[in-house]
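Data first, discussion second: the structure below is written as structure tokens.
Read from first to last, the chains carry the letters A, B and C; within each, the first residue is number 1.
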Amino acid sequence: MTVMSPSLKAEIRDLSFSFGQVQVLKSVTLPISERRVTALIGPSGCGKTTFLRCLNRMHDLHPDARYKGEIILHPDKINILDPAVDPIEVRMRIGMVFQKPNPFPKSIFANVVYGLQIRGIRDRATLDERAVQALQDAALWDEVKDRLHGPATALSGGQQQRLCIARALATNPEMILFDEPTSALDPVATSKIEELMTDLKQKVTIVIVTHNMQQAARVSDFTAFMFLGKLIEFDRTDTIFTNPSSKLTEEYVTGRFG
Amino acid sequence: MQTSGIDPERSIGPVTRKGKPGERVIEFTLLLAALSSIGITLGIVGVLLYESTVFFQKVSILDFLTDTQWTPLFSNAHYGILPLLAGTLTTTAVALVLALPLGTITALYLSEYASATVRESVKPFLELLTSVPTVIFGYFALLVVTPLLQLLWPNLPGFNMLAGLVIGVMIIPYISSVSEDAMHAVPVHIREGSFAMGATRMQTAIRVVLPSAVSGIAAAYVLGISRAIGETMVVAIAAGMQPTLTWNPMEPAATVTAYIVQVSLGDLPHGSVGYQTIFAAGLTLFVITFLFNVAGYVLRTRYHRKY
Amino acid sequence: MSHDVHRVIAGNRRLDRLFRWAGLGGMAFAVLILLLLLITLGVEGSQRLTWQFLTSYPSRVPSRAGILPACVGTVLVMLVTALTSIPLGVAAAIYLEEYAPKNRLTAMIEINIANLAGVPSIVYGLMALGLFVYQLHLGHSILTAGLTLALLCLPVVIITTREAIRAVPVAIREAAYALGATKWQMIRDHVMPYSTAGTLTGVIIALSRAIGETAPLITIGALSFIAFLPSPPVTAGPPFLSVRWLFDPFTVLPMQMFNWVSRPQEAFHLNAAGAGLVLMMVTLAMNGLAYYVRYRSRRRIQW
């Protein structure tokens, strides 16, 4: 693969993953470019969500998880998958937004600052400042500025998801992982979040898993197509969608299966 | 990275230990709390065995289990637990005659017929029944139920094992709530299959729901039995304290539990054989209810796993 | 449709109606008996609900007897019970739900708790007699009584707390982990606060059952004719706080009721009803509190 990216944020080398005896990912190798959106597409069961969760060591929560291979994070070149690396460390540098919005049943403000509080930041002025910044970056500030201490669960689905994005942003992560972030939302909320991502990528590297090909085409710079646990093709997004190298990729993006 | 108000921006390099030591201490403390439950069982078994040794040194286990008289205070003392067991079994049987049908039918009604409003208003009542102190049920059995029954049977003695009826009322909510859970867990689509063939609610309830929920209902019965066997105050107050080997519910008799109460209230010194009998009786009680409790647990986990 | 099919359907419908009435009847019977019990207790007991009754000591003269030491004893014993069973039960539940691996030891602990929940209360009394009274020499005291009832409450507290913890959705836990929380931070900041209401409900109900327990307390030697109160917790001189009351003899409301109902004189039966009514009102109040907590929490947090 001869993809030149502006600069590299992460390199995934030969990543294989299994739950007990079942192998879900087979030798995946691909680069993640800094401050770009990299999308993962593929039919259900192809392993894209499993791949995403390797990046922040979420699989550590399952006793049968087995990682193989390396995920090198730049610029310090540490291997995320090294057992000596604390997964908590990893999650403090790489945030995640989930498929179904999952705000805590607390106030909007408490949601946004939770990540900061567990990093030991207690100063109220700092928390306030970071919360406002995060909510602005998530395009939610105007809608909630008058009810910061109201319940997060009173927000609409789209607003809750933007709150989850703000929550992840508040801690200044280097990368944010999005796991099908709009599949539970209506089209209006979806487009708001897609717009948001185009702004966000100037600050933070984004990796997004989506089952919606058109969304990948709209928001991402690079796209990876996966099938049955293997990486089939990785390239600039326009190349994948207009002139893919692999026949399988072509059949998927033209809708012949999926 | 420690939680000491440090720079939240990029962390520098990996940390070479997993999990802070404080977390290990917390986990260990919680483990100790969980193990305390095993400690309690060991304590129960330990105490019962230890204190019964005095008793079993004097009385052989065979005599204990087969002698038909329980007269520890006579000069020619007999230590057969059968009369006490007969008392327990008879009162339990009386209780079950009332509680099993009523409990099951209540569960069926609540699960298959009742609207949500009815269910929401009746269930708290039944839960309340389980909260009423048993001494109050004992009062009720002696001073209300027995006089009422004496209207029907004028020769009924003031103390009698029909107090078991009150125990039955007490355990109806145990049986009905566990049974109802089991019936409710039967998925809607199975019921709909039956309705689609023209079956009435009753036919669906009896032919489809009941068989599917059978292990849950069995669990309910077993747990109800265990509860009835262990009941103390109702029988201590209303069934009498005379250990006699009789299976006639209209006579007074002592159950294993009432006997323990009687000795505890008496003046026998700790360590005397007469006193240590309560531990032998308690051991018997524990073994019997243990068997029922484990059976109930196994049955209940079985029906949980079905769906 | 043929005539026979109509007959079959009609027959089925009739049975169905019968069954429905039987079910209704069964349910009504249980509810009516409960009402009968409460009404009888109320009618008989209210006659003795006087200030004198509530503030007197037991006496050989029924009309002069009262439940003061029983009430005080109940409060003190319940205090010990609550302070022991709540931390122990909640800690055990957190371990079993959040930390325990799926192995033989955990399965054993679970079966064990299920068994303990069904052990007759009098057996707990026997165990307390052997262990607390005769081995540890804690005496026939409030401390012993409180610990005994705490053991009784423990399985229920563990089981209901576990259910409350289980109700916290996985999505919330994942959100916390994804932000970099450690396991304990996740439990402390999310699982525990969100399950507090459910835990509280279970604890209140467990305590409301313990309040009415008589058998185990008889076994450990609670007295039923007490003409004095336990030592006061505050003393006139230093150190101003005393725990002597923990080791004092005592009586509780259900024991007092049992004692009076066991006497042949009808006047004492009236006293028993009075004690029972007070006990019942306390139990109802606690149950009501538990329902209120549950209702309020359902309104605040909906998963």
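Remarks
In this text, a contact is a pair of C-beta atoms (placed from the backbone, for glycine too) under 8 Å apart; a residue touches a chain by one contact, two chains touch by 3 or more.
Here the structure is a predicted model, which means the values were calculated and not measured.
A comparison of the A-C and B-C interfaces places the larger number of contacting C-beta pairs at B-C.
Put simply, the chain closest to the centre of the protein, by Cα centroids, is C.
In terms of the distance between Cα centroids, chain A is separated most widely from B.
Averaged Cα coordinates give chain A a centre that lies 52 Å from the centre of chain B. Chain A and chain C have CA centres that are 49 Å apart.
Spacing of chain B relative to chain C, judged by their CA centroids, is 15 angstrom.
Shared interface positions of chain A, defined as residues touching 2 or more other chains, are 88-89, 92, 118-119, 171. In chain B, the residues touching two or more other chains are 19. Residues of chain C found to touch two or more other chains are 182. On chain B, the positions that touch chain C within their shared complex are 19-20, 22-23, 26-27, 29-31, 33-38, 40-41, 43-44, 47-48, 50-51, 101-102, 105-106, 108-110, 113, 122, 124-140, 142-144, 169, 172-173, 176, 198-203, 205, 223, 226-227, 229-233, 236-237, 257, 260-261, 264-265, 270, 278-279, 282, 285-286, 289-290, 292-294, 296-297.
Residues of chain A that touch chain C in their complex: 56, 58, 61, 63, 88-89, 91-92, 95-96, 98, 100, 102-105, 114-115, 118-119, 153, 164, 167-168, 171.
Residues 101, 169, 171-172, 174-182, 185, 189-190, 194, 300-302 of chain C are the ones touching chain A in the complex. If you check the complex, the residues on chain C that touch chain B are 9, 12-13, 15-16, 19-20, 22-24, 26-27, 29-31, 33-34, 36-37, 40-41, 87-89, 91-92, 94-96, 99-100, 108-109, 111-127, 129-131, 134, 151, 154-155, 158, 182-184, 205, 208-209, 211-215, 218-219, 221, 254, 257-258, 261-262, 269, 272-273, 276, 279-280, 283-284, 287, 291.
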